[in-house]
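Just so it is clear, A, B, C and D label the chains in written order, and each chain counts residues from 1 on its own.
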Amino acid sequence: RRTAAQSAGQRMDIRGIYPPIATPFTEKEEVDYLKLHDNLQKYAKIPFRGLVVQGSNGEYPYLTAEERVEVVRRVRQALPREKLVMAGSGCESTMATVQMTEQMARAGADAVLVVTPFYYRGRMDSKALIHHYTQVADSSPVPVVLYSVPANTGLDLPVDAVAALSQHPNIVGLKDSGGDITRIALIIHKTSSEDFQVLAGSAGFLLAAYSVGAVGGVCALANILGPQVCQLEELYVSGQWEAAKALQYRLIEPNAAVTRKFGVAALKQAMDWFGYHGGVCRAPLRPLSESEVKMLRQDFSSNGWL
Amino acid sequence: RRTAAQSAGQRMDIRGIYPPIATPFTEKEEVDYLKLHDNLQKYAKIPFRGLVVQGSNGEYPYLTAEERVEVVRRVRQALPREKLVMAGSGCESTMATVQMTEQMARAGADAVLVVTPFYYRGRMDSKALIHHYTQVADSSPVPVVLYSVPANTGLDLPVDAVAALSQHPNIVGLKDSGGDITRIALIIHKTSSEDFQVLAGSAGFLLAAYSVGAVGGVCALANILGPQVCQLEELYVSGQWEAAKALQYRLIEPNAAVTRKFGVAALKQAMDWFGYHGGVCRAPLRPLSESEVKMLRQDFSSNGWL
Amino acid sequence: RRTAAQSAGQRMDIRGIYPPIATPFTEKEEVDYLKLHDNLQKYAKIPFRGLVVQGSNGEYPYLTAEERVEVVRRVRQALPREKLVMAGSGCESTMATVQMTEQMARAGADAVLVVTPFYYRGRMDSKALIHHYTQVADSSPVPVVLYSVPANTGLDLPVDAVAALSQHPNIVGLKDSGGDITRIALIIHKTSSEDFQVLAGSAGFLLAAYSVGAVGGVCALANILGPQVCQLEELYVSGQWEAAKALQYRLIEPNAAVTRKFGVAALKQAMDWFGYHGGVCRAPLRPLSESEVKMLRQDFSSNGWL
Amino acid sequence: RRTAAQSAGQRMDIRGIYPPIATPFTEKEEVDYLKLHDNLQKYAKIPFRGLVVQGSNGEYPYLTAEERVEVVRRVRQALPREKLVMAGSGCESTMATVQMTEQMARAGADAVLVVTPFYYRGRMDSKALIHHYTQVADSSPVPVVLYSVPANTGLDLPVDAVAALSQHPNIVGLKDSGGDITRIALIIHKTSSEDFQVLAGSAGFLLAAYSVGAVGGVCALANILGPQVCQLEELYVSGQWEAAKALQYRLIEPNAAVTRKFGVAALKQAMDWFGYHGGVCRAPLRPLSESEVKMLRQDFSSNGWL
């Protein structure tokens, strides 16, 4: 069940920028695979390392198990081989997560991104989470990336749990969307003896995350301003700090607008403005109000993007 | 699609005490329908108004869609006709909730209990939640009970949304597990022109909830101390306040122990002590540690129950 | 240093209703003792058990140490002897609290109300708080009432600390403003072997608090609707539950409006409407905006008070 | 009332590293000015830009008004002229803050650090805070630095308020102790047209803060590892990112231990280990327990500092 790289003791290299892609729907709220395909054609031309399918921005909690797997399959088919497909396979139960992970791997996922289970968050301590992720990683045919997103889950994957899990040969990294930079730096410090890779979960703190050792980002904003987010990576890698800083500043407000401020509906609205298929969300997510649309536009235009 | 009672403009009477039943599993974490049946035989003899199937204590987020429906079917079959089966049919998407509601009604549920969707809690404002519940109630073959459980969801169903939804002919009440008694009283005040019924979501504040107009309770502790919780109801109804108060005091710590303090694993552990089938939880929920078991026992024994 | 009652092993009886009075200021933000005196004349005619001077509604953090003592002195002078003066003497350090307590006792306070210190809330555990309150109660010439107000302090006085402190002969009770009715009931349960008295810290949950054993309330709303809050007490004491409930309902929104919703500025604005001197707050508290005034009025008028 | 620099339209340059010094006490909890003087002699030899007197680590809420001013006077006298003395003059009321600011300026403070008032945090919106700081800055004889420390105050100074206040000629910067790096970057972006300087409020995110444009830090850990924190500054300034990163990692756990994890008592305990006078805190702060001391030591030793 191990890949050649794993057998050789090497971990999959996941460094780079990933958009956590949105799921387009028809007016009847069915998955619109044609529009998805269109978006993928465009994303294929941007220097992304790969795509995250069914992060929080993919409305994964609103998809059926079948849809979740099918979307992964379509993305893998549409995308050039060199782009990684990182598929969100997290479910509440360990059992369901193990199954979903296997199905997504079979559908072509190169790696899986596994969100913390969280409904019983009061009991999701390090012991429970280490057990959960170990079960999943033991059985997964592909490498596992941990995923901590407290804004949605109300739960931060504890640092000591990350440190313990970093020793598992099939766990290659962490996507941290919380944005607590001290925590991110500490995690990198505590996992430095392993070949463990941390991805920033948002464009808002991407440069700061690079400065303390992160290797890339999964950034909602990359669905809209993909080339620009990749440019920030390039400026960092080439040591152009002043230019990187200036670009970072201009990404913060648009990023906040399409994430914590107005959510997925705003992400899709802005995708429409920038030539992608965004469209409606599944209910209960609602379209933005007129005043929200205005504020969203302002967050892009005041930073010179519209 | 409306029942006779509804056509006559009457709402289903849901007053009384309900245990939100646990789901027994085999050692392999499969649903153990035999043990479930055993528990039901015992519950049938307690003066409960009915049972809640797949509230938070039923580990519903860990069941597959098929299991969720099947458990409801088995409960309805095993239970005397006069006991209500209130089935938890909430899912994250409106579409899935509508479908699950229909399936559970077909499986015999007398009413459905619909938890607030919450993954995108930042966008689950009154507008979104009113839309969601209206869609569900419009299409549901059976009456709908709203369900607000902020400890798990991080979201309180807003008072104004409850007030608006109370006017829907197919929405008959609310289970409020947050325990903010001022909020509960205000909701009862704001819905008093409707025939709207509020159930306390926990035995810890049951008497206080009665004092401001609640009509019953869905109490995890009733899985263990069912007759005693029903006795508290009886003492309140017959105006024996001092005895009610004395009993209420003794229920607080055992109740906290099997809910927010140690969770479902503690509920099941205590069920074992009191002659019911509790057993293991599905992963990632873990069994209690030895010291937790000791503290749990102490919370029952220091209040005279063990 | 002990009073006769204490020596006899009896604790001061504090049952009843108290307004936590506001501090009127002149346009120059100086304490307006004339207006204070006017208000006191009116309060003296209402069946209050006494007055709380320098609870949160008295803007005590904005008064100098000298003003705090002087206001207590003036209140004691203006008030009939049979009304209790409960003075807020809490400061951040134990040393300052001990001194302020002595000064207020000398100025005529019958009891002191001591808020939890909270700036270093991460370290204000039971051990630290028990030490603090024990030092204060040991040296206080008058009985001490504990005061927990998490909305302002971000800190709940832990139940086990209250239970331990209830055994101190000079600590007679607790004002709990958090409104968690399960916690309030548990505290009463855990302190029942002592002669320990719990006061509800708000009119919003007064009836519920009575139902689980509280003996009165310190209610901001009593500054405005004093006779009505006292009537709720009377209805409870005489066992008229239905009337009590109906009155309780109508107090919730006005109470919320003058406390957590719009704060002290709203309390003072409403005092002006009801014939008391409210007036301006000290900066940085600002007057209400026009739209806030409208909403405030609505919260009173929709409940039949204006 | 303006300095020459201000008249010339220049703002005081505050870039650099500052320890927010602790206040030593005698066993009787009186301010120990001799020990303070000793510490200052040592700090004078470290390349700090200056000292913060009465930040949260100075136990300022436990000092009397007189002590607060006297400590500032002694620090100014003991310190070489080229070191800045930044004095914490914040009080809850605007009036008291204005007075304290004037007294501290007269006692020799070069600048004042003004914490957000917070007791009525529900009403401390941008409008109230802008009014407060404008009053203080209008009357202050010395430059004002804003101070946001949500761990203690439960309140973040809003970004729009910072942006508005950055235009005041007598407000020169912000100490941000919250550690939300996205917010820090946004504040720097939004104030970039002004000559506004942001200081990181902790050593835990110092490098990340530099990476997005901060100009220095007020770091509790600098009381203990002063030369090392100054070295991090030097590595950043000279562009040695890898060495800076390696050093940053080793500062995170010791820093957390003496701040949010164990608080001021831990800061003082570690000061004792490193040759400074730490000693006891004023009550209600308690000494560390034995097991806490062990964990504290571990946080230093596992990072190579002990």
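By definition in this document, contacts are C-beta pairs under 8 Å (C-beta built on N, C-alpha and C of every residue); 3 or more make two chains touch, one makes a residue touch a chain.
In this text, all values refer to a predicted model and were calculated from it rather than measured experimentally.
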{"item": "CA centroid of chain B to CA centroid of chain C, Å", "value": "36"}
{"item": "Distance from the mean Cα position of chain D to that of chain B, given in whole angstrom", "value": "50"}
{"item": "Multi-partner residues of chain C (each touching 2 or more other chains)", "value": "none"}
{"item": "Arrangement of touching chains [line / ring / star / complete / other]", "value": "ring"}
{"item": "Chain-to-chain touches, reported pairwise for every pair that qualifies", "value": "A-B, A-D, B-C, C-D"}
{"item": "Residue numbers on chain B that touch chain C, as the complex places them", "value": "179-182, 185-186, 188-189, 192, 202, 204-205, 207-213, 241, 245, 248-250, 252-253, 256"}
{"item": "Chain B - residues contacting chain A, complex", "value": "29, 56, 61-62, 64, 92-96, 117, 119-124, 127-129, 131-132, 135, 151-152, 154, 260, 262-265, 282-286"}
